[in-house]
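For clarity, chains are labelled A, B, C, D, E and F in written order, and residue numbers in each chain start from 1.
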Amino acid sequence: MTSDGQKMKKVEIVIEAVMLEEIISIIDQAGAGGYTILPTVTGRGYRGYRSGFELTNVFQNAMVFTLVDEEKALIISQEVKKLIQDYAGVIIITDADVVWPDYQKDR
Amino acid sequence: MTSDGQKMKKVEIVIEAVMLEEIISIIDQAGAGGYTILPTVTGRGYRGYRSGFELTNVFQNAMVFTLVDEEKALIISQEVKKLIQDYAGVIIITDADVVWPDYQKDR
Amino acid sequence: MTSDGQKMKKVEIVIEAVMLEEIISIIDQAGAGGYTILPTVTGRGYRGYRSGFELTNVFQNAMVFTLVDEEKALIISQEVKKLIQDYAGVIIITDADVVWPDYQKDR
Amino acid sequence: MDGNLLTNLVDPPILFFFFGIFARLIKSDLEIPPALTKFFSLYMLMAIGIKGGSGLAESGVSREAVLIIISAIVMATVVPIYSYYILRMRLKNLYDAAAISATYGSVSAITFIASSEFISKLGIPHGGYMAVALVVMESPAIVMAVLLAGMVRSKLALEAKATGSKSNRSLPMKKILHEAFTDGTHLMLIASLLIGVATGMEGKKTMSPFTADIFKGMLAFFLLEMGLSVGSRLREMKEVGVFLLGFGVIMPVINSGVALAIGHFLGFAMGDAYMFMILVASASYIAVPAVVRHAIPEANPSLYFTMALAITFPFNIVFGIPLYYKMVTFVWGA
Amino acid sequence: MDGNLLTNLVDPPILFFFFGIFARLIKSDLEIPPALTKFFSLYMLMAIGIKGGSGLAESGVSREAVLIIISAIVMATVVPIYSYYILRMRLKNLYDAAAISATYGSVSAITFIASSEFISKLGIPHGGYMAVALVVMESPAIVMAVLLAGMVRSKLALEAKATGSKSNRSLPMKKILHEAFTDGTHLMLIASLLIGVATGMEGKKTMSPFTADIFKGMLAFFLLEMGLSVGSRLREMKEVGVFLLGFGVIMPVINSGVALAIGHFLGFAMGDAYMFMILVASASYIAVPAVVRHAIPEANPSLYFTMALAITFPFNIVFGIPLYYKMVTFVWGA
Amino acid sequence: MDGNLLTNLVDPPILFFFFGIFARLIKSDLEIPPALTKFFSLYMLMAIGIKGGSGLAESGVSREAVLIIISAIVMATVVPIYSYYILRMRLKNLYDAAAISATYGSVSAITFIASSEFISKLGIPHGGYMAVALVVMESPAIVMAVLLAGMVRSKLALEAKATGSKSNRSLPMKKILHEAFTDGTHLMLIASLLIGVATGMEGKKTMSPFTADIFKGMLAFFLLEMGLSVGSRLREMKEVGVFLLGFGVIMPVINSGVALAIGHFLGFAMGDAYMFMILVASASYIAVPAVVRHAIPEANPSLYFTMALAITFPFNIVFGIPLYYKMVTFVWGA
């Protein structure tokens, strides 16, 4: 892959919007350096269509991803997996080459 | 990759917003377990800049991704490819490790 | 990977919303065939939480990705890397199989 | 019912509600942007609060006001309990029973508004403290439902003992209470009420071009969105089933009857009694689902949300509003 | 043109339109959030509908009303046909010709509003049924354009025979009709009209603080957004070319002339004739592009959208509104 | 301060501001959708512009108007300079000093509105040209700050010579000027002013149900959002530190004093002098940060934005508005 990138895991999580905060606290507790939120996505899955155009955000999804090393990816996916027994959601893990500013090389 | 994930394809499709429904019906017909929609994205491609800030959604894009096995990825990308001869759009396929809730393991 | 796709790099960039235009001009100058913008994302990183719900877009992020060959990916990531010394942002590079319409095969 | 009562329905906002349902049924792409829906809903609460609060500042807190507010809290606590026991007669998933109970114990601000318009048109006044009753009824039902769900959890844990791999992921009571009381829409109503009390008739006058004059138009848009939402939920009706459908139309009538009895026993004025019936008969589809989704994750939101929004809300708007009026005039003898 | 007529332009909403164009030309980052734009556009349709519908309830359906509505349908069908034949004299891509024809056969609600403000200021009334004419003109043009495009497709298929690798991906007529008739903005206008008819003067009075009093302010914001959109489209003007630019300004005048002749022949009242000219002269940049993008995917939206929005709309607002008035007064002899 | 002055605070919009802060402090999820916030902010500017412009059309441009506008430009240029020299006494990062100076040289439209409401309630008029003063004060401060930052850059470059790996990524002056003058909100105010001048009392009358009658309600929503924003910024207060906190409350008072002296020396009417004090005392949290983030990327927006929004804005609303009134009446002897 591109030379100066750092090999990391990109862990993407689609989740019910009401659970976004718990997901973020899982990510934080795993010691991730950060995360990015896509605040409103919609979708269909095992639990049917989640339209996101209702009066309540109960039927809305959010998406968040975090760039972490393999070990943290495992911790996060295990924790989130427990949550998505009860809540709509899915976890997607891909390999990624991440480029940080120089002064953040130590992540 | 992370141990308990299922190896799948993540098929991402950027498409004119007006064609979102056809894309979804292609995904459904291919037998995908679900999809996630990012309802408003903008972009530039072969057909020029698509700003998304007009009175009509004719110049707007949407994005959708579905997690499927290799075979379905092929079917979907072939079908969508036909559509994007006439409509702005692109198909992106990546390898992904997907973690489902336990009771959905059979996907 | 899926047969008829073209092997490319997907370069994703999360950046302060105010810098979106510079990022796009970097992508354009590198000769990329296009890009896709996710206009409002939020997140946390080295520079703290960027909520996106302020009166000004100074605390908001945007996300953009471009599909390019390895060489251009390198150029873009090097240029953007300079910018994210001063501005919040991160660069993520993944391998992707991209399917274009037939008449665009020459990209 | 005489023609007079059906005039409730020949009102632009109500007609836009039906239009919304229709548009969804014929699969139109009509859509109110979510940002506007959220704004309209905050606007409605501001309007109720300013009106109720300034009325309260004018009238002061009477003995009847206190009685009504206490009755409201009591009913918001008791309705979930008897609802739960009725529901568990037929529902297998007891968490669903608890969650549905919460929505019926709580209230719908838009039903309150529509009834208030209806009764004001008939020239019958009601007190500003009815908005306070609206406020105090929102949360107790949630607390009750959570207690019921806790009961269910303990019971199931006892039964299942070692089987329980699916760990209890419900929130601690403290966090639930925090959510119930700091919920944005809830706070908006409370704040508007207090601001109405603090600024009185002067404040009301300043705000009324915004909160009163253009109110009907904003309501028309909001009810249009409600109609669209109801329309899309109608497809999930088969999931709800006959028993719950029946519950969704019979329960409001029973609840309004209980409220009527209390109002008569305690000697409420007719307008107040009517609004009290409306509060008790209505079910919550905004605040309660938002909290209960966290508090009772085991319950299926397609059930409790659909019942409150797509069954009980339209039932109350179309039949309930004139029916409860018939009931109250029958007893009070207007 | 006398000064009197230019007063049309010294109106805050119209000035905000020019400001919008200017802001884009100097590359300002000014932007109306898309959610608001959508809301304003639904609001405009609600306002037209309530006003027209309640007017209709008042006046009843006269013989002239019926004549006007029939004429409207006829013109919406005929304009695309002759437009198409004019366009194909110079356009190589016949799909573009079909799509452009559709926009010119259909109508612009905002042009209708601006003209209605203009003529009302001059004290000349027009019937509530003009809003019905606005409604019925939206869809026939789409149907015509699709038929024309179908003709083109057959012809090209014949010519190309085995060459045709690019399969026909256009929608079946049934789906196009569904889209044309259930389009959200289209339904909103119809529903508002019907609600206006059903609730009459009473409904109008209830709604008017919202739909009439603050109307000018909402229009100012909407026209500002229109100006911004026009401004950004202006850059794509060179793609349009001299022929289409000429078409975009001459066609409305021709169309208004035809409408004038019909109106005179059938003996319309002057205000009605004027509004009929406006309808026929205006082009659609919201509903038609949304459907035609599906129905005729081979056509380039940068052409038909830009022409309707960035050429014909401003031309009508600035020159058309007073010009057609000159024309109608010349014939009716006001 | 007598009770009379505190009436400023017993106004629904102001109370909604405090409610917003409170809601954030107790971590409520209350939120105004960003699209609406943007709309409200454009609405406010439209309202100021139409009102000021039509007033100006009525009164014409007096000698005092010219003097005030010149004074406004001078103060917007001078305030950043002395602010910078005060700030660099303690701040290590000189870019931060330059950026903060820009916000204090510029102005806050909402503070202007709140003061205008306050003083109008007391029956003291001010000229339409005060809105022009508001306009002309926005940009000079930005230019000054950029010049200061340029100075810093040259100095640091000299000091560091070969060390400088972090290349200068600031924008060229031409682009900064473009941004400063074409900033959307800035243009909206200018355009509304000009439209107000062009359409005069007629235009004002047409627009006033929208721009004046429902104004207080829109302001209430906007101030609620301001309160929410202030509330979330309060957590970043420790980053700001004691020195800057002190600067944020003392500087406005000093600035208002300087403005008072100028106003007295040049013989402004009391209402104009008061509004001039407000302009000079207020700090910009919308336009300036948006431009300065590009123009001085080395500066930390958490400092300059938080100071203007979360310290100086609430200080002015709560204490400044009555305090500056005390000051002006003390000198003018009301």
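In the analysis below, a contact is a pair of C-beta atoms (placed from the backbone, for glycine too) under 8 Å apart; a residue touches a chain by one contact, two chains touch by 3 or more.
Fair warning: this is a prediction, and the values are worked out from it, not measured in the lab.
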For chain C and chain D, which third chains touch each of them?
A, F
Using the contact definition given at the top, which chains are in touch with both chain B and chain E?
none
Counting in whole Å, what is the centre-to-centre distance of chain A and chain F, each centre being its mean C-alpha position?
39
Where chain B and chain C are represented by their mean Cα positions, the distance between them in whole Å:
18
Would you pick out the residues of chain E that each touch at least 2 other chains?
31, 33-36, 209, 213-214
Send over the residues of chain C in touch with two or more other chains.
38, 40, 52, 85, 94-95
Of all possible chain pairs, which ones touch?
A-B, A-C, A-D, B-C, B-E, C-F, D-E, D-F, E-F
Chain E contact footprint on chain F (complex, rising order)
33-36, 38-39, 42-43, 46, 50, 178, 182-185, 187-188, 191, 195, 198-199, 203, 206-207, 209-211, 213-214
Which residues of chain F touch chain D in their complex?
10-12, 15-16, 19, 22-23, 26-36, 209, 213-218, 220-221
In the complex formed with chain B, which residues of chain C make contact?
1-5, 10, 24, 33-39, 67, 94-104
Touching residues of chain C toward chain A in the complex: what are they?
9, 14, 38, 40-46, 52, 61, 63, 70, 73-74, 77-78, 80-81, 84-85, 90-95
Listed in rising order, the residues of chain F that touch chain C in the complex are 31, 34, 37, 41, 166-167, 169, 225-226, 228-229, 232, 285-286, 289-290, 293-294, 297-298, 301-302, 305, 309
